[in-house]
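Right after this note come the structures.
Both of the next two complexes hold chain A, though its partner changes from chain B to chain C.
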Partner chain A sequence: MEIKFKTLVAPEIKRGCLMGNMFNALGSLWKGMKITIYYLTHPSTVVTQQYPENRETLKMMDRFRAQLTMAHDENGHHTCTACGICDQNCPNGSINVVDRKNPITGKKELDRYIWRMDSCTFCNICVQVCPFGTLEMKGNFEASVYDRRLFVYTLNKYAGPDQKNLLKIENLDDRKKQMESRDIFGGPVPLSGQSIAGLEAGVFDQLRKTEEAATNG
Partner chain B sequence: MSVIVSSLEQRIRADNLKESPLSTQEYFVNMGPQHPSTHGVLRMVVKLDGETVREVIPVLGYIHRGIEKMGESFGYRQFVHMTDRIDYLSALINNWAVSMTVEKAAKIELNDRIQIIRTIMAELQRIQSHQLWWGVFGMDMGAFTPFLYGFRDREIITDIFEETIGARLTMNYIQPGGLMFDIHPNFQKRVKDFLKYFKPKLEEYETLLSGNVILQERVRNVGIMDAKTAISIGATGPVLRASGVKHDLRKLDPYGVYDKVDFDVPVGRIGDCWDRYWVRIEEIKQSMRIVEQLIDNIPEGKTMLMKPAVKIKLPEGTYYSQVETPRGVLGVFVVSDGKDKPYRIHLRTPNFNNIWSITEMSSNWRLGDLVAMLSSLDVVVPDIDR
Partner chain C sequence: MNWEIKTVAMFASEALREGYLGAAGYIILGVVAIAGFLAVLGMVLIYAERKVAGHFQCRLGPMRVGWHGVLQTVADTIKLFLKEDIVPFQADKVLHILAPLFTLLGTLLVLAVVPFSPGMQVADVNIGVVYVTAVGGFGVLGILLGGWSSNNKWSLVGAMRAGAQIISYEVSATLALLVVVLFSGSLKLSDIILSQEQGWWIWRAPVVGLVGFVIFFIASTAEINRTPFDLPEGESELTAGFHTEYSGMRFAFFFLAEFINMFIISAIAATLYLGGWMPFHIGGLDGFNAVMDLLPPGAWFAGKTSFLIFVLMWFRWTFPRLRVDQLMRLEWKILLPIGFVNLIAAAFMVMFGWYYGN
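Up next, the complex of A and B:
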């Protein structure tokens, strides 16, 4: 087969005489040292970030995928209809959508949206396939916790109808009655009201607060 | 008791076993699976005579995760994200390989925008892979500074990826039917800034490491593999090109927009470690040329042509497509029985073939040279085992 494309051939490094080689060798070492000395004496070229110290100013990219969250509007309503498309499309079963029947209307609605961070690979397929734009990936990358049960999140803040159906109810009190509050770590798999050995009392309130602060902003 | 010695090798060995103050004995040493210069969990059983390497037997399987088998229980769209994890330094190119197979089977015509963005991303990925290899190569040769410099410059590309894609290593960006996101508004500016920044840095690389006499003495004429051996082993990528074979899928079987851009293919002269080093450094320059030509010419258009929630079903049959990753040819072979999940997926990964060239090139070199040879192959171990 004829090779039509242009190729570049590696150059040959020639060996010279003994003294020439020695001077070349010393020269090459000096040239390399010059670069390292340049960086040593120019602190403006330093690119290292002092991580825990710069937490206040550290800003992740907008699209950074580190935590799955469910968008809630200013009234606290989400748009999830418990259709389960994300559940079907998740490659590693990290998402479990638990639905229930509304006690009043009898319609299907979201009970718990369980997301297991410990098996998630952050492939973003769930966000892509959601027809209602309910899910989004947030950039909260500090995910380490003391107990692996804390990796099981309940993403919805209430069990009940989605935004569209809630807005049909005009009386605010009736609307509130339809929304049963859900805890971020209160799912059926983890904790179940137990405490975790080695953690002080009240740590969940604190965790919840940091979690909420992270998901909101 | 008499010992019957037949072959020459046995006779030499028998002589060595005689009691003498100067006698040596061949012995086996495990290099790895936890050796820093095997870049992961590669185990090599090395047959040593003193410090001279007589034989190298790579032992695989320490990071086998059964990705091919897992592919049989995933849909095609879900399988793409597994390919991030075979050769993690060329995640986007691996994604492209699977996407290309699916698109070929489903007969989807892509627009120019998708093709050009894919090509730019793939070349950026090639640059960052070679940057990391350069740093690690320096570190294996005993110079720690290149490692830091390589990572410093690689950080800029991973930032570019992070802004557009949202991930730095396991990206899952190139999907069947298009791209996960459109490019970020800052993307073009950032890439141009990077090219402007990196050109003088590459010269710095050359001065710091390529011109260094210690490196040259350690890589020149070490680990020579001729073209015939390289082809018979099935080596691809820079390893094959360094042996003087003009083989590059971007030229021979163009995909994306590689047939529309102008770039040269660097090949080596004799196939020693220096040629493999030089080929990769030169490939960085050529990749930068490709990105430069494309970055201003991204046309408008849609970036996703399939609905992401719809399950992909391929017609019955077998499909194959291949791409050139930074380490060689990645082939994806899909057998479909008409359902939404593949009947069988096979991945022809470049490192699996490249690693066996170490058995050919390493005999009668010293143990220290073995490290140089292994590093010049640029092995990524999860790609061997998948």
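Up next, the complex of A and C:
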């Protein structure tokens, strides 16, 4: 195979006369000054957010990565097939994909999608490797909680077949039967049936509601 | 229009005929006025700088303390008052404590001759320009002492840089000042202002005035160690340069002196080239001049000075810092030759009367 080389000549630095250099320098300084005065005279260029005050109207950037979520369509179906590629690719083991056999069909399906926020670096690899486009990074950055265990999320809202297999079932009631509800903090890993001091019963429902409001809105 | 120059020093000398008490009262008045002005101006300038810097960089600046953060500098001042004042182990204690005072003293003494308006000046020295240059050089003594006595390598490097820089740029600044002294024929600041009744020197002395003004402005920016000439501080290389080891009030003194120096060079540049408190006059157009006189002289001075301060801030938040060799090259190879040519040209123009309004 013949390789063609292209000759590159380094551009020569032009050194003008003293006066020429001086006026060039003044010109380039003026260019910079024009940019800064534009910013000063146009308050719309300010990017600072007055955060706690504008909490109601704050809109995060689309690409901001603060929380891993699983996309659910309008019927509440997700597209996760429990293939575990994200689990294998996660650099710090923050993802656990727990699968199970469907009690009726015997096919492999998702039981729990466990994501540990406390060890996550938000590298976005899981989102990129997912062949089904199930995962999504959302901009909900208000993640502080009073108990470390609340950093362990169950991302799927039901255990059962993915969207494709669910849509094959014609009867809506049969579909519902296949979908076993999963709580966002209710998994075996985080709380293991314990209660957290200061949190009353039913708090998970509330947390889930705020979570949903934050991720949808 | 007849401008009557009144200064606190004049009142004091008049009162001296009656007795010592009245004169002492006037002197105390002058000192208190300068000290109060210094403190208030420092706070206002720091707030303005932070706000302007914020908007230059697409930020908002201080927003939390008071309406749009107007009380931020007050809070900062209280904090600096209450902070512990640390003198490093094995530092030269006496010099370490004296250094910020020297720097502030240089600033304070120049402030005494700044003409704010015909009736507002503490002292009108008959060698005003020489006094300003001489006393202004006091600041570098404080910086050198502070850097040396801290017993810290960053401080020493910063202080030595400051010494080299200020001594170099003082030459150009003085050469540029001499241009105006040639044209006005006086060293007294009030006389220089009165000589601009027919027009400001920046345009009455064609080209020479403008070149002199630009050289003075650049050289003075370097003299007060402001960006793009802030090598003595150079955060990225020297932590904080000569004031690395200072904290609390002593750090505040350095900081205050830096900001007041910004006001002083703006005020001096305005006085010499832009007519100080003199309204914008064009020789011969009496109607136009009368309209311009409607604004009080103090407002003209404040307007010109604050415009120049704004330009200094604009420089600071736009330009990158120079390297040490670039700094020296700019002074000795560019500014100084131009300054000399400018001075000689000015001398010829004064000799043959080649300027407007002659």
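Here, the second predicted complex is superposed on the first by the 162 of 217 C-alpha atoms of A that agree within 3 Å, B and C clash if a C-alpha of one lies under 4 Å from a C-alpha of the other, contacts with A are read in each partner's own complex, and residues count from 1 in each chain.
By definition in this document, a contact is a pair of C-beta atoms (placed from the backbone, for glycine too) under 8 Å apart; a residue touches a chain by one contact, two chains touch by 3 or more.
Just so it is clear, the structure is predicted and the values come from calculations on it, not from any experiment.
> Which partner chains sit in contact with A:50 here, chain B, chain C, both or neither? Use first/second/both/neither.
Second partner only, chain C.
> Per the contact definition in the header, classify A:143: touching chain B only (first), chain C only (second), both, or neither.
In the superposed model, A:143 contacts neither chain B nor chain C.
> Just chain B (first), just chain C (second), both, or neither: which does A:85 touch?
Touch status of A:85: first partner only.
> Report for A:121: first if it touches chain B alone, second if chain C alone, otherwise both or neither.
first
> Which partner does A:61 contact after superposing on A: first (chain B), second (chain C), both, neither?
first
> What is the contact status of A:36 with respect to chain B (first) and chain C (second): first, second, both, or neither?
both
> Is the number of chain A residues in contact higher for chain B or for chain C?
Between chain B and chain C, B touches the greater number of residues in chain A.
> State which residues of chain A lie in both footprints, the one left by chain B and the one left by chain C.
29, 32, 35-36, 47
> What residues on chain C touch chain A, complex-wise?
Within the complex, chain C contacts chain A at residues 52, 54-60, 63, 314-315, 317-319, 334.
> Report the residues of chain A in contact with chain C in the complex, numbered from low to high.
Going by the criterion above, the answer is residues 18, 22, 29, 32-33, 35-37, 39-40, 43, 45-48, 50.
> Per the contact definition, I'd like the list of chain A residues that touch chain B in the complex.
Chain A residues touching chain B: 3-13, 24-25, 28-29, 31-32, 35-36, 47, 61-65, 85, 89, 91, 121-125, 128-129, 131, 137.
> Touching residues of chain B toward chain A in the complex: what are they?
74-75, 77-79, 81-82, 145, 152, 155, 159, 162-167, 170, 172, 180-181, 184, 204, 207-209, 211-214, 216, 220, 242, 246, 248, 251, 264-269, 274-275, 278-279, 282, 308-309
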